[in-house]
Structure formats: C-alpha cells, structure tokens
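Structures are listed in the sections that come next.
You will see two complexes here that share chain A, one where it goes with chain B and one where it goes with chain C.
On to the complex of A and B.
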C-alpha cells in the first residue's frame, strides 16, 4: 500500500452511495470534511509522535479486501463458546462485509438488536439517525471523517431499557491483507437501567511488510442512558504489518457507568483515542488499559475523560510494557468544565521498560475549570528491577521466565480491578501476548 | 498563632491600598533618550550605536531581528492573549539617564524615590552583597560590596559586562539559548539592553546573595534585559531578581533571556519574585547548563503580569549534574500564569526534581507546562515531578501539561499532580479552633506555599506572604 499525503476521497467511491438518503448525506459531508482538512500539524502534542501520512492511503488501495482465512480457527473457537452459552453472541465483521451474527442457544432478551449497521439504518431509521455520527464526525478530525465517509457496513447494538445481557457479546472484526484498507464502525445504544458487556476484537491485516502493509481506520460510538451499565473491552491484535487508527467515544447520562478496557497488542503502528464524556450527575467511567509492545511496534494512545456534568467520577489506569525497540506515546486528558462541580477524576500511566532501546513518552494532562474537584494524575517510567530478576534467577528460574513473572506482577494490579467474570477471558488474551514477550 | 493571624489580617487591611499605590505609581520622566515606538533594523542600529558596542554584537542583533520576523507566533499556550501584543505600539529602547551611578546619592531623585519605595536600598544594606537596579532599558544604579569585588567576582550590568569583559561575553553569549531558540529569544537578542553579567571565579563561594531589581516605568514599554551568569569550577552563587511596574491601561512587554552556566562542581541558585503589574506580558526564556557534578536551582515565583509564559530549563550535560526547579504561580483576576519547567538529561547519573505549586483564584488560570527529556545513553537518571494546584473560586482554572520523553530504559521517572480546593475538613478544623474563615483559608494557603517560601531569604518570604495575603483578601465565596 502506498501512502499518498495528497489522497482525496473520490466522489464516485461506492461506499458514499450506500444507505438511506440521510446516511448518504452524512457520508458526503464527512468526505468533504476529509478532503478539505489539512493533515494534522506535527506541532500539536497529539501528533508529535506519529506521522499522520502513515494513515493515508492511495487511490489504488483495495477497500474491498479478500480474506485469507487465517483467523477462521479463532472464529470457530469463539463460535463454540457461543454454542456452549459462554458468550451471548458472536458477531463477525469481515472488512465491513457480511456481518454475521451467531446467537447462543438461550437466545437474546426481547428487543435486543445485534446486527448490521446498514440494515439498522433502514429498519431502525430514527434510532440510528439520532446517534450515528453524533460523537465522531468530520469535526473530530481528518481521519475520523475518513471513516465517516468510507465505512462499508458496521455493527449496531441496541439494548432496550431494563434489559440485561448477562454473557459477553464478542465482536470479531477482521481486516484485509496487504495493500488493503478497512473501516470498521460500531454504534452501541444501551437503554435505561440496561446492561451489556462487549468484547470488541480487531485482528487480521498484512503479516509481512515486505509484501505490503494494510490499513484500518475504526470508529466506535457508545451511548449509555440513565442508570445503564456498560463494559467495553477493545482487543487490538492485528497482524505485524498493520497501520491502524482508531477512535472511541462514549457518552454517559445520569448514573450510567462504563468500564473500558483497551488491550493494545498488535500491528506495526497503532494510534488510538478513547474518550468518555460524563454528561450526567453520578456518571462513572473507568478505563483500565494494558499495552504490550515489542520489536519495532509504535503505539500512540490518547485517553480523554470529559466531565461536563457535576458529581461525576472517573478513573484511568494505563499500563505499558515495552521490549526491543518498541515505542509508546501516551497522552491523557482530564477536563472538568466550569459547571461540572464536585467531580473526582484520577489518572495513572505506568511504563515498564524491559531493555535499552525502548522509548516511552507520557503526557498526562489536566484541565480543571472549577474549584470543587478532587483530581490527580501520576506517571512513572522505569526499567525492570534487576534485583528481582537476580533473586528469581538465584531460585533457578531462567531470565525470560523471570521477566515474564515480573511483567505478570506489573499487570496484576489491573486484573484486580477487572470484574470476576471477565478475568479468565482477559488473562487468556494477555497470556497469549505475554508468551511472545 | 491566632494572634499572629489577627495581626496579619490587620496588615492585610492596611495593605488594602493595593498594587496601584504600592508598586503601581509612575514617575513623570524626562528621558535622556526615548526612541520612537516600533521595531525595525533602524531602531536596532540606534540601540547599537548608543551603546557603542562591538561589531559582532551589532551583527548578532540584526541577524536576530530577521529571525524574529521569520518565526511565527507560538500556536500553543494562550495564543489568544499572545496575539493581543501589538509589536508596533511598543518602545524598544528608553534610556532614563546618561550614565549609570554607583553611589546612591547620585541617582536622580525620582528614580531614588521609586527604588526607595520598593525598599531596594534597605535590602541592600541588610542582606545583599550587591545590587543592580534597572529602570526601563538600562541599569541606573549598581554597586557591589568591596570585599566581593576583591575576590574577583564580576557583577555588572550586561552593557558594562560587554565593555569590560568582552572576551567572556563573546565566549558565552547565546550559547545556552541560541538566537533562533524561539521567537521571543530572537526578539530579546535583537534589542536586549541591561540585565546582569556575573562571573564567579573558580572555588569562590559568594556567601551573600546578589540582587537585581527590574522596574518598568513608562507605558507601552518593552524591557529586554539579558542576563548571563557563569559560575566557574567549584564556585557558588545565589542571585535574586525582582520586578514591578506601574498600572497602565495599555500593555507593556517584558521579554528577558537568562543564561546560566555552572561548570564542574559549581552551584547556582536563581530566585525570581515576579510581581509585574497586571498589564505586562512577561515572556521569558531562562535556561541553564550544568556540567559535571554541578547544581542548578531555579526558584521561581510568579505573582504578577497579565500573561506569563516562562519555563526555566536545566540542561544536565555531564555526569552527576543536578537540577532542581521550584516554581510557584498565583493567578488572580484576568491573569494567566503559564509557567513550568524543563529538564533535559543528556548525561548518565544525572538527577532532577521539579516541584510546581499553583493557586488559581477568581477567574485566574494557572497552567503547568513541563518537559522532561531523557536522552539515549543518559542512564541511571532519576527524575521526579510533582505538581500541586489549589483552586479558589468557582471560575478558577488549573491546567497541567507535562511531557515526559524517555529514550532509554535505565531511568526512573515519577510524575504526580493533584488539583484540589481548600479542604472543607481543614477549614472546619481551624474555624472550630476560633479562626475566622478568612484567616483559616489564609493559613491553609500559606501552608500550601511553604515549601516555596521557606527557600527564600527571610525578607522575601515575608514579602511573599504579604503579597499572598493581599491576593487572598476577601476570598470567601
């Protein structure tokens, strides 16, 4: 895939002509937004560490990619989990085509919608129109507009008021291979006093940069109504030659709670932004992220907690482990508006560097516009403790194993914060990645 | 304790005559030289000619002006306020008197009065080793204790420094902060005037602080002092600067460049009490280079100005170098204190600590903007950054923008920030002991600032506490 800094979205691109009229209008507006916007300037801190050109594609990049079937085994295993009732549903989204939904034998509670976003934009016209593009659109930035114009089909999830989906819903998104681009999109609406757990997994992409890289640009919008409870796990395990850009935005109303767990493992270059607006009193957002980087992986993560309503609370813990020549830049912002009184907000970013040659940057920011708050953030960077390694080695444990044990201990404090029923599943994901460290 | 609080509160009432009468007066002056407003190569040429300075400096100025023109205004920070600056409406050079005085009696009456009112001669008598007083563009009064002079310590205003020690100035000028470092450093290099030049010979410990006092008197004045301090091997120095200006309705500009060099085993502490009037834009570049086992300490207090953008920096260039920055900002009505600190670790076994305290009151905005950079190969470095912000009032704003970049793994970096208001429990406790709420609040604020004030010479600490009192007056609400 060539990266063309002057790439423009052609008016004839078929994606722009999909969906009902209002959707076509939105796509066209985002197309203009993308075409008219300059590349983000490197001077601002959000783009200081990553070159935006790497998220540009070229006119001949395939947007309807072929799939290798490399991930069929994973999908199959997850499908088994659905059959066993360990998952409420499995949705597979291959490059924005063929949104396929498998539902557990127990079925879904009445009124729940899980399926294609394109279908929903026709059949649940009002609901989708009211929410889609509300938080992520051309105003968010050039690459957000790119997704808004070019998403093919996406996933739509609606949980009606007072409905609880007990088991997690697994969304499996597969990107295309080399020289292709995919634009996953997700819209989630959680009704009043409703509850849902989502595992949003991203995989696939080019395995070998010599053959060509692949590109993905995703957008996720989540709406938590009053008293709703949402748990959202973002699991990024793309193949090694993937450049990915990802934007997540959520809005919480009164007393709504949300737990967001970004697990950031894969790809060659990955820039992500996770943002939650606390827009109602009593809203609570927690974000617990884990990032493992090795080889020459480049990660650039941003988190945002925006308190626009008083009496809301938020907490962020973002842990980073780096090896080889991996780089992680983390920027986090807590913003508390003037009218948002009596808020509590915390943020922590810890970085463990396993060898020389790694690079970690951290910019945890606070913007507090009124006095009635309690707010703090902390960041640490440091090497692995050689004394601990020495101790473990003296007990006959070889170095690699000792390192894995110490890293395990480092991330353990995050697991303490994760709900019991998700723990096993998450530790499987982490263990798989840890084996390669 | 309560009695002293009551006394302080009484003082506070007495001080309620506010900045305008204490510092905000201005003198009607017949300037020896008052150029036209605006900046051009012609103005630079005039400054250079009046100073009769060497050719290399004149060339440096012209080159700097071109760099100033070519660089855009910063787009980060408070660009809205920054863009209020009208560079054409500023006097770039004003010479109050023909020749600098070293005897207080010879200083013209109006200037003497000014500095008398600011308490400078008093302070000199009591605890300083040398004093330099700058009025508009030039230093009008300068003196240093004889015994210090005999030790070979050079403490001059920058203009005299260039005349008497041209070689030293030529060697060090612009080496810590190059002309093209930023737009305002270029502006200063183009039209610098005044400031201090200090050289401390090897092994000399200057036991008493040296002080410079900067005063802007005229409206629409631009003050561009340039300070260069070189502490040779194993020497020690404490330098203090203070600044005030009258209150006018239009803005003045203060753009200083301060360069410090601490050679092997040397120690420099640089203390600033910035109390400019609230119509001054204070855009200052301060940077130090610390060599082997040297220590640099910036103690930086920002109380005044409309907008301050100041990020004292330490380049830790050789093993064992240490940097410490202790910074306090108080942002009251319509003020934006955009202050911070930078630590650049370029050598192994270097350590740094940044402590930042800020208070935002009314609609004031205090921002901490910092950078910690640990370069490749700078192993076994220790870095700690701590930011505390106190918010008083519903419209107060506090921002924290720290940046930490670490290019190797053998480093330990810690950063912490807290933002809070005056704790209700503390207030409750103190008021239950019979303190009024105002007094209790003041006590808490003083306690919050203590790590800073205790680093100041006594007289300054007292002065700072009084200033804070003044700022805190009637803060219940």
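On to the complex of A and C.
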C-alpha cells in the first residue's frame, strides 16, 4: 500500500455498493466528499503537528487483511470472561469483515441489539438511518468522509429505554497486517434512562515497518438519550507500524451522562479526536485520558466539549507520558454557545517527559460565547524529577523501577476518578503498557 | 582494637555543588556499634556531605574515597549503596504523589531481599513498626509524604530505616521540625534500631537530639572541614557557648 497525495476513491470500490439504497447514497456522498475536499491546511492547530499526506493511503494498492492469529490469545481470554459472566458480551470485528458476537450465559436484557452494523442497516432500518452519519460525515472532514465511504461492516449497539447492561461489553477490533487498510465503524444508541459500559479495543496492524505499514481509519458515533448513562473506554494498542486516524463523536441529551476514557498506547502515528456535544440541560461529560509514548511514536489528540445547552457540565483530564523520541500534541477545545448559560467546563493536560528528546505540545482552545459560565483549563509539562528518582534509589530501588513507580504515581490521580468496577481492568491495561516503559 | 576494620569509612572527601566546593577534605571511620555526630553551623557542608555519600545527583564527590565494610561505594549507584547497607534519613523528604507508603516500603524491601516479601508478614512488620513510632496506621495507604507535616515526614524516614535495617544510617537533621514528644518518639526509634552491629552518623545543628541519643564521638564541621573532634562533652560545650569560639579559635590557629 502506497501513500498517494492524489488518491481518489474509485467509484468501482466494492465497499460503496454494500447495504440498502439509503446507505449506498450516504457512502457515495462521503466518497465525493473525500474526493472533492482539499487536504487540510497545515496552518490550523489541528494539523500543525501531523502531515495529512500520511493518511492519504492508496487503498487500491492495499493487500487483503492478513490475520496472523497474534491476537487470538487475547480474544480467547476475553471469551472466557464472557463465559464467566464478567463481560456481558464480546464482539470481535476482524477488519470489518466478520462481526462475531458472544454473549454471557446470563443473556442480554430484552430488546438490546449488539451485532453487525450492515445487518442492522437492513433489519433496523429506521433506527440506524436516523443516527448513522449524523455526527461524522463529509462535513466533518476529508478523512471522516473516507471512513464514511469505505467502512465495510461495523458494530451496532442499541440499548432500549430503561434497560441497564450491568457488565461491560468488549468490542475487539483487529486490524490486518502489513499493507492492509481497515475502516472500523461503530454506532451506539443508548435509550432513555438506559445504561451501558463499552470497552472499545483496537489492536493488530503491521509489527514491522520494514515489511510495510498498515492503516486504520475509524469512526464512532454515540447517542445518549435523556437520563442515560454511558461509559466508553477507547483502548488503542495497535502494533508498532500502524498509522491510524480515529474520530469519536457523542451527543448527550438532557441529564445524560458519559464517561469517556481514551487509553492511547500503540501504533507509529495516531491522530484521534474525541468530541462530546452537551445538548441538554443537566448533561455531563467526563473524559479521562492516558497516553504512553515511546520510541518514535507520534500522537496527535484532540478533545472537544461543545456545550450547546445551558446547565451542562464537562471535565477533561488528559495525561501524557513520553519516553525516547516520542511526540504528543494535545489540542483541547471547549466551546460554549451563547445560549448555553451557567455551564461548567474544566480541562487539564499534564505531560511527563522521561528523557530529553521527547516532545509535548499542549494547546488549549476556548470559545466561550457567554459570560455566565465557570470554566478553567490548565496544562503542565515537565521532565521527571531526578530528586524523586534519587529518593527511591536511596532506598534500594533500581532506576527503571523508580521511574515506573513515579509514572504509576503520576497516573494514579486518573484512577481515583475511574469507577470502582472498571479500575482493575484499566489498571491491567495500563500496567501492560507500563512494562515496556 | 587496631585489627578491627571500620564498618564505614571515608577519606579526604571533597564535594562540589554546581561547581562550588562545599566539602573540602573530610575523613572519618565509624566502627560497628559507634554513634558519631557531626555538628556545625548552617552552611558548613554537613548536609552536602551526607547527600554526596548517598549519591545525590546534585552533589559530586570530586576527590576522596568511601567504603562500607571495606567495599568502595563511589562507583555504586545510590540503589546499590542502599543494598550494600547504607541509609540516609533526609532533612527534607520529598513527596511522591500516587505512591503509597506501604507500596513504596514493599518495593524497597523487595529490592533489598531480591524477592517479594510475604504479604501478611509485611503487613504485620509494617503495623508493628508504625505502632512503635506512633504513626497512625492510616498513613500506610497515604501517598508518600504527600501533605505530611514536617514531623510526620521525619517519623516516616525512621520507619523506613527500621524496616530496611541498614548497617550504617546517616541521619540528616532528623531532629529539625520535631516537637518534644515527636523528638522522644523518633529518638526512641533510632535507639531501638541501634546495636553493636550498626553505625550511626548523626548530622545536626543543635545538641538537643544528643540528649536522647548518646554519641561516642562528636565532630565539628565548619566551612567544609572537620575543625574539632571530641567526645560527647564537646556537644555540651557547643550548646553552652555556641560555635563562635571554636570557629574563631581555628581561624586564629590557621
């Protein structure tokens, strides 16, 4: 698969012809959206740190996804969790080709739908049509349109009104190996006073740049109805030679709450955007992110909290740890509309640099169009404290272990914010990544 | 006596901080069972000496030798010095947010023993030592020194010493910031730790700690050098007369 700044999506691409007519029309619209859009300008914040050409993959030259089985053990372990009832369901999505659903012996509550998005676009026509592409489409940007045109199959989750899914649902998305391109897509609709926890994991990809890179461009749309409670963990642990682009958008109605936890660990180049619109009074969004970068990893993350309704609240804590020559750019936008009075919005980005040669950028953006709000943002950026390392070393602890303890301490304040039942899972994910730091 | 080799020894040690020489050639032998006190006015180089001996990255030993049980420490990393039996109780212990006292001590103990301590053994050891030092058990799960008062930090330093049980303890101004009750508790902890196999080097500005911990030898440090050594009576004289007489005497003599 080659990079091609002139790449256009061919009308004959088979993906464009999947699904019912309305869906084909949307795909065609996004195809034109992609083809007609210029490359994003480098002068704006969002593209200052990442060259968009790196996502201009000529997918006509991509090879079929090759699933090496490297992640079979992970899937198997998760399947055990389903059997033992620790997960409500496990959905495996291999390169958008096969969507497989395993459900815990206890079963799912009445009316819950978890499965293939393609299937749902036929069997739950109205529901899907009403929501899919509503937040992520050709108007969102060139690469969002690329996903809209080219996703093959995705995952659809529907939780009816007043239904609570007690245990988490794990979505396991596996990308192909070298020279493959995947376009994961997810649509989630959480009904009134309904509750769900999702662990949306992204893995796979090329392990070795010399063999070729792999490409992933994902899109996630989540709708939180009135009084709904959604917890969404995005776990990105791609293989080292993956270039990924990812867009997440959520919309919360009155008194809906959402906790979003981006865990950003893998790949070579990773550009992600997490955005929540607070569209009803009493809506509350919290985003607690952790990013670990090493080697020459390049991360470019955006968060967006858009308060379109008054009396809504939001909080962001995004922590970054960098080692070797890793780079992280973080852009956090808080937008409060003129009509959205008495909102509260907080944002903090902390960066811990483990050695010289790393680079962190932090760009807070505030667009606050009325005065009747409480809003704050903060950013810190600094090297790991040598005196702290010395203190631990003076008690016999080796340097590497001391660094891991201090990094563990740095992220501990995030764990304090995480609900009790998710803590163990999340600390396992973090500990696995930390071992390589 | 002469065939006994010292537990801890340093010879002609010079220390630089940011290019400035602050310790200008000091030597000392500490034999097992001995308590030495280094006293001196502020800025005399006492703390620099103890930090440098522990391997603090800001303090470099530019000249001299130092040995624990005959083994040279100057090429060792700080963690190796600790595992070789050295301990420094800090004057201003740092806070390590997010790392609990118990986890920290467990990691330290593991590094010394080369294996994880049995969880229930560790818990009972910790509980016992905390009780001896009148530390509220709730501190075990608090983040190390994070929001602790000066006195609490000093107790936690002594707690670490009790648990790691080093051969040689350097105690840097451990008495500062302590009220009289805390001073008694901390001193009792130090005395409990001390036996015939241990060496202690107390670094202090005031003599009041020496009311509770009896030194065998007292060394007066000024301008980076030991200017006088003697027995415990020297500390009492300093308490009564201050440092001026001795500093002036040395200046005249020099």
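Quick note on the criterion: the second predicted complex is superposed on the first by the 432 of 437 C-alpha atoms of A that agree within 3 Å, B and C clash if a C-alpha of one lies under 4 Å from a C-alpha of the other, contacts with A are read in each partner's own complex, and residues count from 1 in each chain.
Methods note: a contact is a pair of C-beta atoms (placed from the backbone, for glycine too) under 8 Å apart; a residue touches a chain by one contact, two chains touch by 3 or more.
Just so we're clear, the structure is a prediction, and the values are computed from it rather than from any experiment.
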Problem set entry | Touched partner set for A:396, first chain B, second chain C, both or neither | second
By the touch definition at the top of the document, which applies to A:62: first (chain B), second (chain C), both, or neither? neither
Touched partner set for A:359, first chain B, second chain C, both or neither = first
Based on the superposed arrangement, let me know which partner A:408 touches: chain B (first), chain C (second), both, or neither?
second
**Prompt:** First (chain B), second (chain C), both or neither: which does A:387 touch?
**Reply:** second
Larger residue footprint on chain A, choosing between chain B and chain C, goes to B
Residue overlap on chain A between the chain B interface and the chain C interface none
Listed in rising order, chain C residues that touch chain A in their complex are 54-58, 77-79, 81-83, 87-88, 90, 93-94, 96-99, 103-104, 107-108, 111-112, 143, 160, 164
Given the complex, residues on chain A that touch chain B span 41, 43-45, 322, 338, 351, 353-384
Given the complex, residues on chain A that touch chain C span 385-388, 390-399, 401-402, 405-406, 408-413
In their shared complex, chain A is touched by residues of chain B numbered 75-76, 360, 379, 389, 391-421
